[in-house]
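Presented sequentially are two complexes of chain A, the first with chain B as partner and the second with chain C.
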Partner chain A sequence: MTPLLEMQGVSRVYRARRGLFGTGTPVRAVDHVSLQVAPGRTLGIVGESGCGKSTAGRLALGLERPDSGAVQFRGAPMAAPGTAAWRAERAQMQLVFQDPLGAMDRRLTIAQQVLEPLEIHGIGTAAERRERLATLLRDVGLRADLAERHPHQLSGGQRQRAVLARALATDPALLVCDEPVSALDVSIQAQIVNMLTDLQAARGIAMIFISHDLAVVRLISHEVAVMYLGRIVEQGEAEAVFAAPIHPYARALVSAVPVSGPRRLERIVLSGDPPNPAQRPPGCAFHPRCALALARCRTEDPDLVTQSDGRMVACHRAGELARAAA
Partner chain B sequence: MSATTMTAPRQRIPVLVLIAMAWIATILMVALFAEMLRPYGITAMDLRARLTPPVGFGGTIRHLLGTDELGRDVLSRLIVSVRISVLIAFGATAIAALFGTTLGFLAAHFRGLVEQGVLMLIDFQASMPFLIVALSVLAFFGNSLPLFIALMGLYGWERHARIARGLAIAANAQGYAAAVRQLGATPGRIYLRHLLPNIASTLIVAATLSFPEVVLLESGLSFLGLGVQPPMTSLGNMVGYGREYLTRAPWILLAPSSIIVMTTLSVSLVGDWLRDRLDPTLT
Partner chain C sequence: MAGLVSIRNLRVRFDGNEALRGVDFDVARGEAVGLVGESGCGKSVTWLAALGLLPGKATITGSVMLDGHELLGAPASQLDHVRGGRIAMIFQDPASALNPVHRVGRQVTEALRLHRGMDGAAARAEARRLFDLVGIPDAGRRIEAYPHEMSGGQNQRVMIAMALAGQPELLIADEPTTALDATIQAQILDLLRRLQAETGMALVLISHDLGVVAEMCTRVGVMYGGRIIEEAAEADLFARPGHPYTQGLLAARPDMAGPRRRLEAINGGVPEPWNFPPGCAFAPRCTVMTAACDAEVPALHTIATGHRAACWRAG
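Presenting the complex of A and B:
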């Protein structure tokens, strides 16, 4: 299938200024990331906080311009943010936020906010919009009488459903969900995730699902990319990555997911400090925390190499680790 | 917070706020119909009845609030003064709010050089004693009522600009403005439909704070002889000229002073109440 969205070697550099007169230290929030999402498929992006997964999501949506590399949507590059063409593109791709209360205007009713994208893009007549509102609320499982409420009068789960209804209003082809369930109760998390899967099946939406919660990502993703310090360290079919992760960092992450019954993988506890993106270690960025690091890892940066099973891993020892895992 | 507050009857307006609203309404009516309400002309002198005290203090029914040193009716002058002062205070506050909010939004939207320019203006305005600016402008350009209102409108705009800029930046960085932006909304829609209603409550409070200050500033400038010029009269102007007779005829000064106090207090009370009422999360 041709990808709906394609990111090729995309980098985004922020400048963190230190002190009053210090010049900026470049922080590579996203570093040479390449991703594809096909219609109807979900790509999960996992990693620690600060690893650049949210920035990757914003780059995918064209909310930010990459400093290098290219983002293509339906084979065409994105328009520059703030232009009329860029605004028109928004109807086709939407972002679902982590904090639904912050993402909604607390002065407007749910109905007004869910219909706002239609008003913005001039879709439908007043009667059609009313009908659309009813459909959208039903699709996300909100009672019709909640439409006249204000966001603060809803529960957290209802708010996230309302945000989702707003995101779906224009029938987008791509949905980027940035930690959409991490602020919610576990029981509600499952409901929202199931709803997302159902909506995707019904509408063929391509999704990028960003989360630090591996259990949720495993549930919803077809493909998964593990990020560490702005780079992808392992990428492949979700089942393969979660069942037998190759990269030592992916192994540590997967082994930290609570499982019922006896563990298949040994629990790997990472030592060392969480990384500072402004001071990227030389060689492989993960080597100070890696139990399997060799002398070579301290000097040589591993490339993302495709393995025999089609998955991509950035580790010097990927070959032997893959054989050992098999 | 949910069902109970929704079905509960809407809260009654507090008595104090009701009184304040009634007072503001009265003042506005007086300002509107000043020409009909005043019993005498403001320059009409009654030299035989100079410095007559108000009714109840030895005065007569002919001059309800007494007369001043030239025998002019204090009540008539007060009514016309209210009109001029209200015009200046409302006009100036509106100009300041409009100007400041616009500059604040521009700074938040364009950032970079525009923002630096606006911030420089704000700092300049905040560090320069306004009285000195006002004095020099009035000295150079002379005095007319429209100019005076425009000048007073320069007072306090920086407060609105700061508030508008700060809140707009915060909302743009995360939250509803960012969310609406990524829906594809134009900047006009983001700022007018979403940001402005959301920060209106804060701006209203700022405006109710600067309203009394404008009244007092006008009084101060008129007191110095630089504000409203005779034969025109304003509340501050009356206070200024009445001070010479403070011991012999205190009513000349006390009548406009009490109007100033009552009006500024009422505006503050109503503004505070309005702020709470405009916030849908505080029902």
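Presenting the complex of A and C:
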């Protein structure tokens, strides 16, 4: 099957001063990332803050242009931003992110916000839009009377549902969900996760699901990519990666998830903080925190290599570690 | 185990709304006990009230005994001695507890002066020792840094060093790793476990993450609607949850192992203090509720050895 979305060797470099690392040095937020999402499938992206997950999501949506590499949607390059073709593509792809209050206009009612994309894209008559609103609210499990409320009059879970209703209004083929449940309580998180799974099953939507919550990603994703400092260090079938991660960083990340009862992976506690992305260590960027690093890792950057089970791992010791894990 | 803190019928009102509705909870010397529950259920307010840290508009009743001495209504001089001395508290956001304009080392020496009467070279040496103890690399140099020059994980270590300055008998850690990345969270939890073993202090770990509490604590209290609704040894709570809310919380969490299953969501949302239901606060979301649940608040009662639940049907 041709992928719905494909990123090939995509890089994005920020030169702006920003936050702590305001030195003016370029930051490779996303570095040679390749990934694919097929219709009806979910790709999870995990990794610690600053590793480039959100940037990868914005590149996938064409909200940002890569400095190098290519992004293809339905087998064709993305349209140039601002053009009519680009706007038409926007309706096909939607972004859902963590902070629903930040994503909404406080002055508009829920109905106005949900219908906004239809108005922008000139879809349907006024009557058709009202009907669509009712369907959308029902699909995301919001009571019809909430339509006339303003965002601050809803609970966090209801706001996230409203944001989803808006994202679904144009019947998109691809949803990029950037930490969509991170701010929600467990019981509400479960409601939203179930809803996303149901919507995907009913509509065949492709999803990129970005989260630092590995258990949620494991549940919702078919495939998963683990990022470290702008690169994908391990990618493969979600259950396989979480059951037996190969890359030492992926192992540390998975083993760090607190669990009740016996753990399957021995806890690996990494020393040190993630490095400053503006000062990427030479060789394998993970080597300063890696307990398994060899001399070679300090100088030679490992490529993402496909292993015997189809998984891709960027580690000089991947073959050896995969055999040990199996 | 000998009792250290004993909370009885603790109630807190804000602007006429009861946020805590009768909390009973004990902490023994040296134990690690977890407090879980979704946001707004009263985890933080319980300990802020116990330590006299709530704003003046809060009306507090009940009893909080530390080693047989009542803390509620105690004179400020006595509370100052308790806070940071016998009981220290750390929070999710170290930035809120650290002073941005002072070097981190100075904040620790200040705590040492306040709680242990240490000054000058002795305080500086002790601050360095504490920085080493909490695993801040290159402690001699980092002591001179400002909070904004350190990462979130390093600032959390500084806050822990400050908390340790008074050699507390109890450390209240309120969501200490919630703002941190997974691998840094693992480091901080490891540190707390090690410090607890080395110093023998008791630990109350407040978290919305059941996994964090499971890994760190031997006993767990579950809060809902301003009350403890279940309390048990960690293994019992996870293996045999008695309260439908606890059961719901466990079923709503995705697992890291085993077959992937559909999550069991709990319907509805957490009630707000101004619209608490008359009986059991969980009744409107409960799948096994009966008429009795709406009529009266179920008391926390023993359902097995060391296991209590506030549900008519538990046990």
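In this section, the second predicted complex is superposed on the first by the 317 of 326 C-alpha atoms of A that agree within 3 Å, B and C clash if a C-alpha of one lies under 4 Å from a C-alpha of the other, contacts with A are read in each partner's own complex, and residues count from 1 in each chain.
By our rule, a residue touches a chain if its C-beta (ideal position, glycine included) is under 8 Å from a C-beta of that chain, and two chains touch if they have at least 3 such contacts.
All of these numbers come straight from a predicted model, not from anything done at the bench.
Asks: In the superposed model built on chain A, check whether chain B and chain C fit or clash.
Replies: Overlaying the two complexes on chain A (C-alpha atoms) leaves chain C and chain B fitting together cleanly.
Asks: Which holds for A:S49: it touches chain B only (first), chain C only (second), both, or neither?
Replies: Touch partner of A:S49: chain C, not chain B.
Asks: Tell me the contact category for A:I188 with respect to chain B and chain C: first, second, both or neither.
Replies: A:I188: touches chain C, not chain B.
Asks: Can you tell me whether chain B or chain C touches more residues on chain A?
Replies: Counted on chain A, the partner with more touching residues turns out to be C.
Asks: Touch test for A:P274: chain B only (first), chain C only (second), both, or neither?
Replies: Once the two structures are laid over each other on A, A:P274 reaches chain C alone.
Asks: By the touch definition at the top of the document, which applies to A:I208: first (chain B), second (chain C), both, or neither?
Replies: The answer is neither, since A:I208 touches no partner chain.
Asks: At the Cα centre of chain A, what angle separates the centres of chain B and chain C, to the nearest 10 degrees?
Replies: 80
Asks: On the A-aligned overlay, A:D105 touches which partner chain: chain B = first, chain C = second, or both, or neither?
Replies: The answer is first: A:D105 touches chain B but not chain C.
Asks: Pick one for A:R166: touches chain B only (first), chain C only (second), both, or neither.
Replies: It touches chain B, and chain C stays clear.
Asks: In the superposed arrangement, does A:S260 touch chain B (first), chain C (second), both or neither?
Replies: second
Asks: Can A:R87 be said to touch chain B (first), chain C (second), both, or neither?
Replies: A:R87 sits against chain B, while chain C stays out of touch.
Asks: Would you give the minimum C-alpha distance from chain B to chain C, in Å, for the three-chain superposition?
Replies: 10
Asks: Identify the residues of chain A that lie in both the chain B contact region and the chain C contact region.
Replies: Common to the two interfaces on chain A: nothing.
Asks: Please name which positions on chain A make contact with chain B in the complex.
Replies: It is residues 61, 63, 87-91, 94-95, 97, 99, 102-108, 116-117, 120-121, 150, 152-153, 163, 166 of chain A that touch chain B.
Asks: Can you check the complex and tell me which residues of chain B touch chain A?
Replies: 1-2, 6, 174-176, 178-180, 182-186, 189, 194, 197-198, 280-281
Asks: Mind pulling up the chain C residues that touch chain A in the complex?
Replies: Touching chain A from chain C are residues 38-39, 137, 148, 151, 153-154, 181-187, 189-190, 208-212, 214-216, 234, 238, 248-249, 252-257, 260, 262-267, 269-270, 285.
Asks: Looking at the complex, which residues from chain A come into contact with chain C?
Replies: Checking each residue of chain A against chain C gives 20, 48-49, 155, 157, 185-191, 193-194, 197, 212, 214-216, 218-219, 239, 242-243, 252-261, 264, 267, 269-274.
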